[in-house]
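Okay, got some structures for you below.
There are two complexes below, and they share subunit A, which is joined by subunit B in the first and by subunit C in the second.
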Partner chain A sequence: MSKKIRFIQGNEACVEGALYAGLDFYAGYPITPSTEIAEHLSERLPQVGGKFIQMEDEIASMCAIIGASLTGKKVMTATSGPGFSLKQEAIGYACMAEIPCVIANVQRGGPSTGNPTHVSQGDINQARWGTHGDHAIIALTASNHQDVFRITVDAFNLAETYRTPVILLFDEVIGHMREKLVIPEKGEVEIVDRLRTSVPKDVDYHPYLPREDGRLPMSDFGGEHRYNVTGLFHDMWGFPSNNPKIVNDLLRHLVDKIDNNVHTITRYKEHFLEGAEYIMVSYGSSARSAIHLAQNRRNKGEKIGVLELQSIWPFPTELVKEKCANAKAVLVVEMNMGQVLAQVKAAVRNPDRVFLVNRIDGKLITPTDIKQLLRVIQGRGV
Partner chain B sequence: MPVKDYLRERFFPHMWCPGCGHGTILNALIHAVEGLGLNKNEIVMVSGIGCSARISGYVDFHSLHTIHGRALTFATGVKLSKPNLKVIVPMGDGDALAIGGNHFIHAARRNIDITAIVMNNRIYGMTGGQFSPLSGPGVKATTAPYTTIDSSFDVVQLAKAAGASFVARSTAFHVKEATEMLTKAITHKGFSVVEILSQCPTHFGRKNKEGDAVNMLNLYKDNTAKLGSKALEEKPHLIPRGIFVDSERPEYCEEYDKIIAAAMKEKAS
Partner chain C sequence: MNRIRLVFSGSGGQGVITAAIILAEAAVIHEGLNATQSQSYGAAARGGSTRSDVIISDKEINFPGVTQPNILVCLTQDAYNTYSSIIRPGGTLLTDSRFVQTTRKVDAKQIELPMYEAVMEKVGKPVVFNICVLGTLIGITEILKPESVMAAVADRVPKDFLTMNNRAFDIGLVLGSQYRR
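Coming up: the complex of A and B.
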């Protein structure tokens, strides 16, 4: 059978990935530049017996998917800057109550209403720390539609594996750009379903008692096990508790289950990194320009490459340190005021040799933008 | 099934103050569920934040204690994703109609098959006695030391206007009546709202010199009258109790099933 080949927007590639991963339920609210995700899912989900609901606001959308996840469904919402801000409290709830869900944030310029129809990567730190309190989070990104598809599938897999919200940090250029997508055959890409409890009926089930491997098998609402779910610190039954040991243990569990698995969660790509003296660390649509430049300069014999990050949180500190160990300079290419830059500086041995190449005016950063700074760093003049 | 089998005794005693009306509402609710002979596995109770919201922890149903004001949105996700479940959403007055006001009217507009209970004590109890959108003018609260100037919502009128297809009001004094209304609300297909006035002697009663729980309950007896009663006709200033709306309107989950059928048919053709 010939492969299904499409020429589509990035937002639709995300939809294809979500459906491939087994999405059952989507709740959303229209917002540029993510709206196409909702539009396509409103058409596609009912065709496969899934449910789509347009809620009254962004908060309601986030909460509705959490409710649906508890009945055993694979769930998702999509948004952009202002909507992502509104969703933060409920994202924290999903962290605390350990409820799998996927949130796509197709980034636009901020703060506030900002630059709705133009590109930005300004929500990197918001994805990490947008909700209050200590917690861990998984955030993924991609720079082309094949990867958008793949990373969306991964987002569902990781959400179900770690019982956590997973954030897809796309951007306006990726969301709206059209390019080719080859949809894999069923079975070609691994799909992870959530672990469900084997505790039989009438035996006490502890929804929040981690197994030895840290995982917590779930039981669907409507099933044989009735338990409590809360955003308060809670004991193994899910019942509220402020017992210091319970509070301490739960918070550590929430952070450790993700941060201790950074190696398993890390996703990245190398482009021309072999023997590279100058390394560009980039992600999302910025990475396209970085890769383009690296290709051109390599053709001219320059030793330059790109480390493309596809997982931003938990930040792959060890990976960045290792890959950049022999670089004369590291250029972080991103469309914000240096949000990943700070992480890279903290990761490498020589932070003074890490430079920011950014663009924050709503225009996609170009290979020429990067080249101009590269020349200065290389001592070749302006 | 004995009523106590619907409770999680492990988590008692409950955290409500002595004299609080919320325990009485829990009692009415359990009796309604018991009377209907519902399977505990088929019931999901979703609540928000506040004194009222703790009710979900004490019942032996699937229970979801969520964030402030958003209980109905979580409940919408539960119900639409698994429509065979009975979804009951108890809320406080602040939870339902201040921070949650938008969700309240939209759930009513959709007529999704959820039972919303507004446990109205006209005060924010858990935070120590601030006025709510149901306090009304002339009330003393910790954030209204000179009395409130805010008008209150009429829950019944609001729910009616927003499209709820079952709307009723009772009080913690009229337990049998409240139980009957809850029974009807749970059975009703569509969005149902039951407002139950609930005394808060600790905060509202003390600040507003309404006395102890018994005095406050007596006030519910004296200040309310049954819909269509002679008492209400003679004293129209009394708060009416009863069933204000009981109508049939297309239910959201059933309508969505039609969308699925149409989408599948279109795809197949």
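Coming up: the complex of A and C.
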């Protein structure tokens, strides 16, 4: 038996991805349907010299990973909707203080405690705007375990590259379903390590003074340099400031560092898109149903394809516009009331031909659910 | 190979879900196939009725749910009453004669076997009932090699309990093979 092939839940694939990426520290408060991430990390992380801590709640978990990240560790936490709500204030702090961290949200039905053991994709907009104030954020997702692994590694890489929180938006079906994962050899997938300052000890280190390329090298907090970290607008030393120029420049920097790199951050997959007259835009577990349907319809000669989004934020507007340019109709397949739908409508030239195919009852949307609406849109009845 | 869609159903504690996982794991790890396993999940899983869906294929599997199983296993009357109607016409429906009274209303090859009784008589431990069911299933359908399933069992079961599990599996294999398709 090869040790590299595993048959595991999506949550465990996320764990394998995090460990591959070099996770050092996890703090969390277990919540369905993300619990297996904490469960497996509590066993695996100490085995590779990392630290696992179960905190008193989600807020403390988020704050703990922010602190650990500042000291030079690769960090993550995992949660679901109710916990994700609690983490929002601290996520904003990490955005403002530019602290790399990864937050996995295995989505369940909401609002509030909602539908704990059932699937939903209702936190798309919360990932974007859950914390207050203008800011940019990166949110990624995946529809199968190989991609869950890969996108988790990407999340750590992007967090380090852009010094930002990165949100992994998985869902209950992906988290709990078991399927194959082939773990890549060491070195097969690129790992981005932290950019640390070359400023020597006892020489002034400016934690928020960008290099020429715009990046901010870090210094492990509590190490060689003393500096301030705050959620207030701050100067190059990290000290609070309400100087209009400093406020203006910092806010633009926080937004631009991500929004100007949409192209680099965008991750997606195409399924049967060539010559497609009908395009389904989907992501996460609902994409599996869309791909299933597209495959069946293609076998019957219908021109239908799937654009599977793996990065949701920053939204890949140009990509969607380009890929959907020649489609007769676009179907957004998701398990919410149209959160990605709004983005797709804003992206394409003909928003009147964009339709929502959704399911919000806690059950995974089926290929038949999609097919029924597709036939109506095609003018072929139910 | 044709895509195989299975539904395992029964009561929480019978090992229904473990059996489904072992079968799917055997397909992936020991036969190089693709498989997905998903399950109903909730408060009802403990003591209430449970269901697990498994798809095995040599091709990519996208939608992981099973709407019409080729193979349906029902280990309680409740499960039988709830799920027997979803079987694909001509499929195989396996029940345990101690727990289920069949009505034979569906177009399927219905096989009732005294798996529980056989386990209790020859092994004496109800805990390996699910492994006996797996053996029976393999005996009837030959969807995987018995060695593959046993290897997956060995990966999961503590060493001291392996002999017991092997015996339960063999009992099932013999029971099932008389109904080989």
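Everything that follows uses one rule, which is that the second predicted complex is superposed on the first by the 379 of 382 C-alpha atoms of A that agree within 3 Å, B and C clash if a C-alpha of one lies under 4 Å from a C-alpha of the other, contacts with A are read in each partner's own complex, and residues count from 1 in each chain.
Here is the rule we go by: a residue touches a chain if its C-beta (ideal position, glycine included) is under 8 Å from a C-beta of that chain, and two chains touch if they have at least 3 such contacts.
Worth saying up front: this structure is predicted, and the values here are computed from it rather than measured.
In the three-chain model built by superposing on subunit A, subunit B fits alongside subunit C with no clash. Contact with subunit B, but none with subunit C, is seen for A:230 once the two complexes are overlaid on the shared chain. In the superposition on chain A, contact of A:27 is made with subunit B only, not with subunit C. By the touch criterion defined above, A:342 lies against neither subunit B nor subunit C after alignment on the C-alpha atoms of chain A. In the superposition on chain A, contact of A:246 is made with neither subunit B nor subunit C.
Number of subunit A residues touched is higher for B, counting subunit B against subunit C.
In the superposed model, A:53 makes contact with subunit B only, not with subunit C. Applying the stated contact rule after C-alpha superposition, one finds that A:291 touches subunit C and leaves subunit B untouched. Shared-chain residue A:360: touches no atom of subunit B or subunit C. By the touch criterion defined above, A:68 lies against subunit B but remains apart from subunit C after alignment on the C-alpha atoms of chain A. Chain centres taken from Cα atoms put the angle at subunit A, between subunit B and subunit C, at 110 degrees to the nearest 10. Distance between subunit B and subunit C in the overlay is 16 Å (nearest C-alpha pair, rounded to whole angstrom). The contact sets of subunit A with subunit B and with subunit C never meet. Those residues of subunit B whose C-beta lies close enough to touch subunit A in the complex are 8, 10-11, 40-42, 44, 46, 56-57, 60-67, 70, 73-82, 84-85, 102-103, 106, 256, 259-260, 262-264, 266-267. Taken together, the subunit A residues at the contact with subunit C in this complex read 1-2, 5-7, 33, 117-118, 172-173, 176-180, 288-289, 291-292, 295, 364, 366-368.
The touching residues of subunit C, when paired with subunit A in their complex, are 21, 24-25, 28-30, 34-39, 41-43, 61-65, 67, 151, 155. Only residues 24-25, 27, 43, 46-47, 49, 51, 53, 55-57, 59-61, 63-73, 75, 89-90, 93, 221-224, 226-232, 237, 239-240 of subunit A touch subunit B when the two sit together in their complex.
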